[in-house]
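Just so it is clear, A, B, C, D, E and F label the chains in written order, and each chain counts residues from 1 on its own.
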Amino acid sequence: MTALINLVYLISVTLFIIGLQRLSSPKTASSGNLIAALGMGFGVLIALISPVESGDGNYFFISGALILGGGIGLLVSTRVIMTKMPEMVSLFNGLGGACALLISIAELLNFHYLETFELASYLTTLLALLIGSIAFSGSLVAYGKLSGKIKDSWKLPRANMINMGLLLTLMGISFYQLQTLESMELVILIAILSLLYGITFVLNVGGADMPVIISILNALTGVSAALAGIIYDNMIMLMGGILVGSSGAILTILMCQAMNRSLINVLAGGFGGEVGIAAQVGDQTVKEVNIMDASIMLRYSTNVVIVPGYGMAVAQAQKICKELEDLLEEVEVNVRYAIHPVAGRMPGHMNVLLAEADVDYAKLLDLDDANKFLKETDVAIVVGANDVVNPSALDDPGSPIFGMPVLEILKGKHVIVLKRSMSSGYSGIENPLFFHEKTSMLFGDAKKSLNNLLDELKTTV
Amino acid sequence: MTALINLVYLISVTLFIIGLQRLSSPKTASSGNLIAALGMGFGVLIALISPVESGDGNYFFISGALILGGGIGLLVSTRVIMTKMPEMVSLFNGLGGACALLISIAELLNFHYLETFELASYLTTLLALLIGSIAFSGSLVAYGKLSGKIKDSWKLPRANMINMGLLLTLMGISFYQLQTLESMELVILIAILSLLYGITFVLNVGGADMPVIISILNALTGVSAALAGIIYDNMIMLMGGILVGSSGAILTILMCQAMNRSLINVLAGGFGGEVGIAAQVGDQTVKEVNIMDASIMLRYSTNVVIVPGYGMAVAQAQKICKELEDLLEEVEVNVRYAIHPVAGRMPGHMNVLLAEADVDYAKLLDLDDANKFLKETDVAIVVGANDVVNPSALDDPGSPIFGMPVLEILKGKHVIVLKRSMSSGYSGIENPLFFHEKTSMLFGDAKKSLNNLLDELKTTV
Amino acid sequence: MNLIIEILINQLTILFALIMAVFLGFELISKVPTVLHTPLMSGANAISGVVIIGAIILVRSSGSEDYLSLFFGSLAILLGTINVVGGHAVTNRMLQMFRKK
Amino acid sequence: MNLIIEILINQLTILFALIMAVFLGFELISKVPTVLHTPLMSGANAISGVVIIGAIILVRSSGSEDYLSLFFGSLAILLGTINVVGGHAVTNRMLQMFRKK
Amino acid sequence: MVNIGILKSHKQAPLGVTPDSLKKWLPIKINFLIEKNAGIFAQFSDNEFLSEGAQVVSRIKVITQSNILVISDDLTDQDLALLHIDTLVLGLLNPYNNKSFITKLKKRNQQAFALEMLPRTSIAQSMDALSAMASLAGYKSVILAANYFKGYFPMLTTAAGTVPPAKVLILGAGVAGLQAIATAKRLGAVVEAFDVRKAVKEEVESLGAKFIMVEGLQNDMDTGGYATVQKEDELTAQRNLIHQKVIKADIVITTASIPGKSAPRLIEKNTVNDMKLGAVIIDLAAASGGNCELTEDQKIINHSGVTIIGDSQLAYALTSEASKLYSVNIFNFINHLIKEGLESIDFEDEIVKSTYIGKI
Amino acid sequence: MVNIGILKSHKQAPLGVTPDSLKKWLPIKINFLIEKNAGIFAQFSDNEFLSEGAQVVSRIKVITQSNILVISDDLTDQDLALLHIDTLVLGLLNPYNNKSFITKLKKRNQQAFALEMLPRTSIAQSMDALSAMASLAGYKSVILAANYFKGYFPMLTTAAGTVPPAKVLILGAGVAGLQAIATAKRLGAVVEAFDVRKAVKEEVESLGAKFIMVEGLQNDMDTGGYATVQKEDELTAQRNLIHQKVIKADIVITTASIPGKSAPRLIEKNTVNDMKLGAVIIDLAAASGGNCELTEDQKIINHSGVTIIGDSQLAYALTSEASKLYSVNIFNFINHLIKEGLESIDFEDEIVKSTYIGKI
C-alpha cells in the first residue's frame, strides 16, 4: 500500500523538480513557483486521504492547523514589504525546521511503544531532531539579525570554541543515547543543545553574509525533511527534502561565488571574523555588480541610458554599445545615449564614434534632454565616462568642477559604471558617484565588459 | 550481497553521469569520455570479481572474449577515417544491441530451468530481446546506408504499412507468449520479427536524417541495457542504460531542432515519404547546409574568404561579416575579403560598407589577389553575391557574361552561398555555382544567416 | 560503522536518489542568474515545508487521547503550513518583478 | 494492466531513478552545442555497452557444460566489448578536433 | 603593329592613357603616339610616357599615323582634313549633345565609337567610362558641397552647443547619386534620396540612406538601367514632395538625367527661393539643361543666399584619378574591339554595335 | 541694465552673438547693442537681431554705450578714444601675436579679457572659443584638402581598377588635429598622427587612427594640456621619422603649436621637394610661423607640384557655424564673469585671473 501511495506521490516529486527547474530562469520562474505549490497541495491532499494503518484521524486538529497556518502564512506574506523578504524567508524556514523538530520528538517518544525497534530508524529520527532544531533556532536568529531585532554587534566571545564544544557535546550525548536508548531526558537535552548550537552558529555571521547562512539553514531544513521522510517511509518527504538539501547546498556555493567569497570564508566569518561584501576604498566602499545581475537589471528595464565617455573611445566599444542597444530594443527596452558636451577628448568625440557604429542620431540626447530622460531611467550604463557624470559638480561647492553642467545620472534608479579601475578621469578628481548606493561598478575594459554583458543578455532574451 | 555490489557499482554510475556532463561542453568533452570509460572499466572489473551465486566462472571464455573484443574495437576505431565516424558509431551501437539480444535469448532459455517464475521478469526479458534486436538490425542498416553499401534508393514500397503490420504482429505474438510462456520457437520468431522491423524501420529514412535515426537506435540500446539490468537486478546496467536512453531521447529531439525538422517529419520520412534535405531546381539539385556544419567547416579552416555582393549591402550585413572575421581570427583562421570590381551597384559599394564596419584595408583582396588566395582557401562564404562569382563567365562561351573576369571561387575547397532564394542577380542569368558539388547553400537573409552562424560559432570557439 | 553500512545498504534507493538529486540539483541550479538566488531559495524553502506531510501522518495515526502526539503534531502542521503557504506566496511576490510590465 | 502496475510498484526504485534520470539527462544535454551532438551520441553509445556486464554475469554463472549460454554469453561479451572499447576510442578521436592544431 | 594615338585635350578631360596603364598594354604589341604635353592636366610628364615606351610626337603626327585615335575634344576641321578615313576614332564623343561633330563624322563615313553608348551590362562595365566618371563626380560633388557649405556635415555635441547634422538630399540615384549618398553618409550627414526607377529604393537603402517614396508613383521608369521620361499626371505629387524635401535640405545634389533627352527639371526657381540661407545645390545634370531651373552650366551662382553649382564634368576636376580610371576603360574597350584584329571587328557584337557610329 | 556691445569685424571672424543665442540671454536682463551689418559675414541680417530684441546701432554708439564690449578686431585709436575706461573689453584678442594692441590696452589700464588664455580645465570648456574654433578648423582642413586633392580619399575597388586610399598624416593632435583625424577617417583615408605629448597616443587610437611613435622620445612635453618646446637632441630622430612619413603621404595636415611661441618647424623644404606630385599640405599653424618651412599665412602656394595652404583661421571660413559656437562661448564666459554683478568680478577666480589683462 505504502508503495502505491508513494507512486502517487511521485507526481508531486515530479512537480517539485519541474518547479525548481523553472524557478532557475527568469522567464519561467513565476510558473515554477506555482507548479511547485501545486505539487505540494497534491501531496498534502494525498497525505490527508491515503489510508493509514492505525490512528483516529483527528481531522479536526489537522484541518484547524492547516487553515490557521495557511491563513497566517498568506496574511504575513502579503503584508510584508519588499525589502523585508529575506527575513521572511528566514522566518518561514525556521518554522519548517520547527515542524521537523516537533515530529521527530513525537516519534522518539513513540518509539518506546513500538514493538520492532530499529537502531537505524532511531538514528534517523535523532538526526532529524538534531538538524531540525539547528535549522529552527538558526533561522530565528538570522531573522532577528536581518530585521534588526538582534544587533550585529551582539557577538559571542570565542564563538569558535563554544561552537566546537557544543558540537562535540552533542555528538557525545547522541552516541550515548544510541547505546542506551532509554532516557527521554537525554532526547530533550539533545534538542536543547541543538537549538543552542543553531543560535551560536548564526549569531557571529556578518550581516552581509546572512543570505548564505539562510541558504545553508534552508538546505538543513530540507535534509531534516528527508530524514523525516525515511522515518515514515514517505517518498515525497524524502525526495522533496533531498532536492531542497542538494539544491540548497549548491545555491550556497553559488551565492558565495557571486559575492566573490569562499564558503569557508563566510563560515570563518561566522566563527568570529568580519568580512564585508564590498571593496573598501579609503573609508568608502564601492559595490561591484556581476554580469548576470547587470544583464537582468537591463533586461527588465523600461528605459536605459548609455552614457559614453572617453573610456568607450579608448576601449573602442562603440559597436558593442550599438549591439547592446539593438538587443535591448528587441525586448522593448527603450535605449538612449546621453552625450555630454565634453565627453571624450575632442568636441563631438562621441558623435563620431557612435555614428561609425551606426547609432541613430535620434537616439542621441544632449545634456538637457538627457537630464530630463534620466528621471525616467531604470538603469544608466556609464561606459568609461567619469568627469561628465561627477555629481560633485552639482552639490559640492568645494569641487574644482562645481557649477559645471553634468549628466545628473543619480536621477535614474540604478547606475552601472564600466571602467577598469578606481582611477580618476581627465580632471583628476575623485568621483562620489562610484560610492553612491545606487551605483554598481563593473570593472574591466569596457569592450570586454560589454561583450560579456551581451553574451549574458542573449541567454535571457 | 547484491546490494553491496550495487553500492560499489554506484561509483561507476556516478562516473557515467560526470562523464556525460563533461561530454556536453567542448572544453571538457575529452576528459568526459575518459571518465565514462573509467566508470565502465571499473564496472567490468567488479562484474568480474564480485561473487556470483552459482556457475563455473568460465574465465577462459570471458577473458578471451574481452581481449578479442577490445582488440577489434581498438583496431577498428583507430583505423577508421574521420568522415566514416558516424557509420562507425552506428556499427558499434548495433553490436551493443546484439549483446542485449544475445543475453536476453540466453536468459529466456534459462527461464525454463528456474524454480521461481516471475511474469514481470519474463516480460522484462522479452522486451530487452525485442528492443535489442531492433537496435541491432536497425543500426546495421544505418551503417550500411551511411557507408554506401546500402543505396538510398533501395526503398520499400508501402513501408508505412509494412512497419505497422510488423509492429502489430510482434505485439500480438509477445502477448500470446506471455500467456502461454511455453514455446521457445515463438521467442525465436519474436527475435526474427524484431530484427526485420529494425531493418524496415531504418531502410526508408532519408540519408540526411541518418544521424537522428542513429540517435534513436542508440537510445533503444540504452533501454535494452536497462531492461537487462532489471533482469540481473544490476544497478550499473540499469542506471547506465536509463541514462543513455533518456539522454539519447533528448539528443534526438535536439538534433531534429538543429536541422530544423520535427521528429515526426524525420520518422514520417522513415515511413515512406521522401523529404530530402536537398532542394530540386529544374533538373538540378542544390545542396543545403545547416548552420552547425557551416560553423564547424569555418571553425576548423585555415583560410576563409568572404565574398560580399549586393546582397550583403541589401541585408546590411557588413558589421556581422566583420564580427565573423574577428571571431575566426581569434581561433587563428585567416580571413580575407574578395572584392570583385563590380560587386554591388556602384563602384566601390563594398568598400564603403566594409570600411564602415571597420574592416582593415589590408584584408581586402582585389580580383587578382583574391583569385590567387582562393587556391589556398578552405571555405569561401559568398554573402549575397551572384554575378561576380558566376563560373559561366569562365567556361561557358554561350553565356552573356562569358569573358568577364569573375572570382574563381571554385578554386577553393568549399563554397557556402548565403542568399534568400534561387533567384538571379543583376544580369538575370542562372548561376551554375549553386549546383556545383563544392557548393552548399544557406538560404535566408544574409544578416540573419550570419547571425545564426555567429551564435553557433561562439558555442564552439 | 557497521550500522552506517547497514543503513546504506538498506536504503540503496535513497542513496541512488541522493546521487541523482545532487547531480540534478547541480544542473538545475548552476545556471541560475544571481537575481534569482533569493526567489529560488525562497521557493526551495517552501518545498522543504513538505515535512508537514509527516506531521499530518503523525496526527492522523495518533490515538485521539495521545495528547502529546496530537499537540506536537498539530503544532507541527500549523508551523509547516505557514512555511509552505507563506513561502510560496512570498516567492510569488518576489517574482512579480520579472513579469514584464 | 495489473501486471504493469505490479511491475511499477515493485520497481519503484527504478521508476524514481527513471524520472530523475530523465530530468538529469535533459539538463545535461539541453545545453549541448550542435558540434558535440555526434561525439556525445558516440560517448553515450559507448556507455550503452554496459550491457556486457550482464553478459559477463551470464557466462560466469553458467555451468561449464551449458554450451548454449556459454556461446551466447561469450559472443555477447565479444560484441559488447567492441562496442565499449571501440565506442570510447572513436569518441576520443572525434574529440581530438576540439584540440586546436 | 597597331598605332594608337592620344590627342591632348584643351580642357581638363581625362586622358585615355597613363604611364601606369601603358604597362598593361605591354603583352599586346601596340605602338603609342602621344601628343606633346597631353598629360599636362592629369599631371603626367612627357618623360613618364617616354620611359614607358610610348612615342611623344606632334599633333599632326598623332592624327596622321594612328590606326586608332582616342580623342577628348571634337576634332577641328583641320584635324579632320589630316585624318585617314580608315582610322578608328573613339572616346567620350558626347553623341547626344554634340550632334554637329557626330554628323561630320558620319558624313565622312569615319568609323567612330562613342563610349557613352555602351550597354549597361555586367560585361561592359569594365569599359564603362560613364560609370567611372559618374562615380568620381558623385564623390566630388559632396566634397565640393561640404567645402561651400558653411557648417559641419556631422552632428557634434560640443561644449558650445549641439550642432545638428547637415541634411543632404540626392535627386537621381544612379551611379553618381549612389556615390554621393555614400560619401555624404560617411561624413555624417543625414541623407535622403529620390529616383524614379523602382530598383533604386533597395540600392539606396543598401547604403544605409533613406529613400523618398512618392505616393502613387506607379510606373517603373526603367529601360535597361536608364530612366525614361515621366508622364505629366504623375509629376505633380512628385513635384510637391520634392519641393518639401528641398526646402528642408542643407545640401541638394542632383544627378537626374535621361540619355539623349534634356535633364528633367526637379527644382523650380520658387523652390530655391524658399530654401535655407547658405544651402548649396550641386547640379550634375547641368550640361543637359540642369535639374534646377536656375542652374547654369560651369557656373557658380548665388541666388538669394543659395549657392548653385552647375557642373556635369565634376569628375574632370579629379583629372589624374579620372585619367587612371578612363585609361583602363579605354584599354578594355579597345581590347574588346580588336580582339580578332584591327581588320576583323565584329559588328554584330552587342558592345561594338551599340557604340558604333557609322554612316548616316 | 548691463549693455553688451558687439562690433562688426572687418574679416570673416565669428560674431559674439547670433539671433539664436540672444534667446539664451533672455532670463538675464541684458541690453544688446549691435553694430549695423555686424552679421554680414555670418549671414545674419540686422532684422533678425532686431526681432530678438537687440538694438542695432552705429559703431560709435556701440563703443560709447557698452559696459561690456565684445570685439573681433583690434580697436583703432579712434575707437579707443571713444571707449570709456570702465568698459570691459573681451574676445579673442590674440594676446601672443598681437602684442602692440595688448600693450595699448594695458597702458590705458583698460580691463580686458583674452579668451585665448582660458585654462584648459573641464569647467572652462564651455567658454573655450579656441577649442570650438580648433575643432571647426580641423574638420574644415580635411574638407579643404579633399577638395584640393585630385583623387579619392577612400579605397574603391571598381571595374576600372582599384583606387588605393589616400594617406593622410596629421602632425599635432590637439583639438584640431583630432577632429581632422576623425574627419579623414570618416572619408575612408588611412590616417596616421604624430604629437609630442604622450597622452595623445591613446587619444589618437581612441579615434581608430594610428599613432606614430618616435623611438627614444622620453620626455612628455605636456604642461596643462599644452605642449612645450622640445630639446634639440630629441629632435633628430623625430625629424627623420616625420620626413619619412611626410613623403609617403598624400595629405599632410599640421596643427602643432606651442602657445606664445612660434610654431615648431616640422616639415623642411627638402621634405616637400621629395613629396608626391599632387600632395596637399594644410598648415593650421601658419599664423605663428607655420609647421612647414614653405608655409605662407593666408596663401595657397604650389611648390613643385605640392599644394601648401597656410591658414590658421580656417574655422572662420565656416563663419555662421563658428559664430553659433562662439556666441555660446561668449555667453558662458560673460555669465561666469559677472555672475556676482558687473561691479563685483572675482579676480581670484581661476578663469577670470587667467584671462585678465590689466595694467602693465
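We take it that a contact is a pair of C-beta atoms (placed from the backbone, for glycine too) under 8 Å apart; a residue touches a chain by one contact, two chains touch by 3 or more.
Remember, predicted model here, so these are calculated numbers, not experimental data.
Participant: Return the chains shared as contacts by subunit A and subunit F, ordered by label.
Facilitator: A chain counts here if it touches both subunit A and subunit F, which gives B, E.
Participant: Mind listing the chains that sit against subunit B and also against subunit F?
Facilitator: The common neighbours are A, E.
Participant: Most remote chain relative to subunit E, going by C-alpha centroids?
Facilitator: Computed centres place C farthest from subunit E.
Participant: Do subunit C and subunit D, two copies of one chain sequence, contact each other through the same residue numbers, with over half in common, or through different ones?
Facilitator: Shared-number fraction above one half, so same.
Participant: Return the distance between the CA-based centres of subunit C and subunit D, expressed in whole Å.
Facilitator: Each chain's C-alpha centroid was found; their separation is 34 Å.
Participant: From the mean C-alpha coordinate of subunit D to that of subunit F, what's the distance rounded to whole Å?
Facilitator: Distance between chain centres: 80 Å.
Participant: Nearest whole angstrom, what separates the Cα centre of subunit E from the Cα centre of subunit F?
Facilitator: A distance of 38 Å separates the two centres.
Participant: Two or more other chains in contact with one residue: find those residues in subunit A.
Facilitator: Counting only residues that touch two or more other chains, subunit A contributes 17, 21, 239, 341-342, 347-348, 352, 355-356, 358.
Participant: Return the residues of subunit D touching two or more other chains; collapse runs of consecutive numbers into ranges.
Facilitator: Within subunit D, residues 10, 12, 16-17, 20-21, 23-24, 27-28, 31 contact more than one other chain.
Participant: Which subunit F residues reach two or more other chains?
Facilitator: Where subunit F meets two or more other chains at a single residue, that happens at 125-126, 131-132, 135, 154, 156, 158-161, 163, 186, 188, 208.
Participant: Let me make sure I understand the interfaces: which chain pairs count as touching?
Facilitator: All chain pairs meeting the touch criterion are A-B, A-C, A-D, A-E, A-F, B-C, B-D, B-E, B-F, C-D, E-F.
Participant: Where on subunit E does subunit B make contact in their complex?
Facilitator: 121-123, 125-126, 131-132, 135, 138, 175, 178-179, 182, 186, 202-203, 205-208
Participant: Which stretch or stretches of subunit A touch subunit B in the complex?
Facilitator: 319, 356, 358, 455, 458
Participant: In the complex, go through subunit B and note every residue touching subunit D.
Facilitator: That would be residues 16-17, 19-21, 23-27, 29-30, 32-34, 36-37, 39-40, 43-44, 47-48, 52-59, 61-62, 64-66, 68-70, 72-74, 76-78, 80, 82, 85-86, 88-89, 92-93, 95-96, 98-100, 102-103, 105-107, 109-110, 119-120, 123-124, 211, 214-215, 218, 221-222, 224-225, 228-232, 234, 236-251, 254-255, 258, 291-292, 295-296, 299-300, 331-332, 456, 459-460 of subunit B.
Participant: Can you list the residues on subunit F that touch subunit B in the complex?
Facilitator: Spelled out, the residues of subunit F in touch with subunit B are 154-163, 165, 188, 190, 208.
Participant: Enumerate the contact residues on subunit F facing subunit E in the complex.
Facilitator: 43, 125-126, 128-129, 131-132, 135-136, 139, 143-144, 146-147, 150-152, 154, 156, 158-161, 163, 183, 186-188, 277-278, 305, 317-321, 324-326, 328-329, 332
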